[in-house]
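Below is one structure. I have some questions about it.
A, B, C, D and E are the chain letters, set down in written order, and residue numbers restart from 1 in every chain.
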């Protein structure tokens, strides 16, 4: 029976590839956009303007505190009621980008705050402007703290992208649901779905590890 | 029913990819918001309440489990010998690289084939603990590694055993560093617990979905669960702040 | 060389009745002090007496509550004063160096000249190499701070300051984190800078340095300037009990 | 302008489907979307003279898609309850089915009566009418609601996570064909008789009238019966998909 | 007092032909050295010469590659030696203090006595208070390290060591991060401990301290012991060029 199921599954590989492609494309676009936006928000949030930083903080809390399913639901089904009509793919990108940006904002803020004040003072003392201080002194040092969790966050977001099936996009997880209708073996089907995600995510996790080690070693940190 | 078509300017570029314009899209009808029924939400509140309670204790148990799993994995991962480190790393990577859904089914459908038929709740808590445990392990490891080497040496030099050093010197300090990321993980776990509705555990998200499928009121259902999750989020955040302050009784930084 | 504040405000650095509080703590009490161009002033005093705070005020790392502080003719806290511009005229060498760990020695030195002074990169690098050579680090231009010893790091920090060709240099205990051999390396460089005629304020307890190059020693205690005079006067004949006690302790061992 | 005019102008009928599994809606071996409801919808589009676009949502997205106007109509194996009718406009029923009870072939639960024992674990689909039926029919049982479609109910029964399943009889029959013959016992008696209908919005009265007309037509000319005979009343579809 | 290693192994600390490598770097070269009970030995030498590594070996913070190291009669690296037990007999005062930041001064002092020595809490606290009073910190028992000045922290670190009633105390540059006034506070406490007859090895460049309490000064360079003798011999008449050069630099300013 397993054999027969496997055969039946093998026939679905074009569908699976499409799903994997959708997952990869969605994640890639929203990770790139989300990273840019997240860094922007993070920099603004540490920028000293109370009002802006409180507003960003509240937004980040809102997004971190509510289920992604609800966010995507609001963007795709409720925004049209305000005259903003988006197709499923755009809505998916926007929702994922927003989610990514909020989580990345937190990571960036932590990174920026980890840079010793002495560094900022040194930059101040040599007359660098606010942006130059950020660009030349703070960000490059913050990256050390930021990079490993950033890449870790990418993995989480790739997995979160499966929620887009609620608005009709056929990603890898959705393909699993479709296939399991014909091959009613949840274990087998979702094991294979897991393998699909593993193929995408594992290299990223390895990358994060490498970065963490490299950055640690470069700064002479010692292991326990 | 239909409100006459009045133009409404969209705030965002109409569509980035496919432009699918249909006249009905310009109608400013708000079928879900205009008819938003608070009364029905109130009617369903007991159900949401039950769901909330389930979500809370389910998540609490799972998080306790995740901490246990995480501490064991982190301890294994910090050993010098490969014997413990390699399996711990492999487990952590495998869990982080695959979706919870796959892990859940792996346990739910896989365990019975090995002859363990466990109640759904047990499988659910197990799955969440094992999944979150991998993340917690990484958080704890990072926290422990952030403790200056001198602290470990001070413990060694005064003749403490490994366990005593961990207990009195490393963990109390590491714990403070790990509170914010642990809070983040707790929130992820609370939201992930919604996935257990797949294996018939009736929690908060489920209550919202019921409202959507019985009464066809998805907006009411989803917005209500969002409100409840947000409540949990702020609750957890407050808790983290409290424990942070508790552990932060001593001034923020040592001057060493 | 004058040892009393000049009344007419020709000083390069002019404190007039400056007060500063941290919460309830009055860290600077009624400071009045004038530093002439090309003068070298050493500031000493017990820990917590406000020495760091005093010199940090000069380049605006700390803000003052009342009184006037005029640096190079510009009043601090005045909206008309462009702090970023003013800071390019003031070099600050931190006790803990604060080198940029992600930049090489040369990049540390050239960063501000290139981005603030807008000097072309090649020219800035040329000048940077010369400066590093001057502080004895010609062979370390491409080393990162983590690859340098404490004394070498401190010298890079000094070169970084000099690279901006400031009118004033401020040093905050530039040798206290160094080991004995390194201290002399750094002091040698500072002596050379002082002898070229730079206006300098140096927080230090290196009495040898004070005797050699300072025109004036200022002794602080509990936020106030307790005594001020030439090094000879101060070391051989301290006027207050507090300074006598302090000197006896630091000279004892 | 009415909805029908919009559809004609657009040249496209947008149908929301839920891929709950055979025989109503599934993705075939070659990745093509098919099933009884799907073919009926295609027929509808053909009669309208427009092309058809399927919007494939999971259960969470299905109703919002219709309510928000992303889809013109909704085609799924959905029971028109009165509560649901408060929100959407159902067509008249185009077929009747009912919930049935099924168990694993070799289990000790042989009849519907057996399943009424206290503590029996009954698997149902979340939000489906079977869930309601099971609650009234088995008041002492332990009802477990699953998400993810009928096939997973069968999987749960097959794996022993539940003792008896309750689901739409046509779905059970269609979906059990994926297992070796005789894996399940499907009880002959129905817990209830349930209509199935399509749904549209109340602000599209013209479309509703048209759809009812369509259902009348296909019943009279036998196309409906042909569809049901192929998909629901036999497993003839098995060999083609 | 002997200045040559005793042959019969009666020394409290006995290095015999010890070598240690960090990768390709031979940090300790053929070290042979014996420290008698109640002897105070000062170790000095240029930065990177292996002073820290030398004393870190004694309580097993570093492992040695070859040669023998016998401490209090127990051979290090021998499976029969219970390192954890042995370490309770050796106090180590770190250059950077390494106080536990999450514990008060008193808790820092009592932690090991309570959990390692299993002394009842009340008794340990009683002893801890007395120790803190002895180092002049009676009023700081409940302060956290961050609320203490550097000199105060260093004294807590010494009290923490004494609290274990060790047979040996090792100090790694205990004053190099302190300011001049604090240096004398810390040295006073160390002198008191030395005068009570503790076996001590102290890495330091404080010559006043060495003259006052050390029976022997050991000068290291590039991992080897270059010279060893009484403070008077060493300071007034260094025998090697290297030590002469070193002394001239640290005594110059």
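One rule holds in what follows: a residue touches a chain if its C-beta (ideal position, glycine included) is under 8 Å from a C-beta of that chain, and two chains touch if they have at least 3 such contacts.
The structure displayed is predicted, hence computed values, not measured ones.
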| item | value |
| --- | --- |
| For chain A and chain B, chains touching each | D |
| Highest-count interface - the chain pair sharing the most C-beta contacts | A-B |
| Distance between the centres, which are taken as Cα means, of chain D and chain C, whole angstrom | 82 |
| Chain B and chain D: spacing of chain centres that average the CA atoms, whole Å | 34 |
| Chain B and chain E: spacing of chain centres that average the CA atoms, whole Å | 49 |
| Shared-contact residues (touching 2 or more other chains) in chain C | none |
| Contacts with two or more other chains, residues of chain B listed in rising order | 25, 29, 31-32, 108-109, 113, 218-219 |
| Touching two or more other chains - residue numbers and ranges from chain D | 60, 64, 67-69, 148, 155 |
| Complete list of chain pairs which touch one another | A-B, A-C, A-D, B-D, B-E, C-E |
| Chain A residues within the chain B interface of the complex | 61-62, 64-70, 73-74, 77-78, 80-87, 89-90, 93-94, 106, 110, 152, 155-156, 159, 162, 173, 176, 185-187, 190-191, 193-195, 197-198, 201-202, 205-206, 221-224 |
| Partner chain D, residues of chain A touching it in the complex | 1, 8, 11-12, 14-15, 18, 69, 73, 76-78, 80-81, 165-168, 170, 174, 177-186 |
| Touch list for chain C against partner chain E, complex | 46-48, 149, 173, 176-177, 179-184, 187, 205-206, 208-209, 246, 249-250, 252-253 |
| Interface residues, chain D side, partner chain A - complex | 19-22, 26-31, 55-58, 60-61, 64-65, 67-70, 148-152, 154-155, 158, 175, 178-180 |
| Complex interface listing, chain D residues touching chain B | 1, 3, 6, 9-10, 59-60, 63-64, 67-69, 81, 83-84, 86-88, 123, 126-128, 144-148, 155, 159-161, 201-203 |
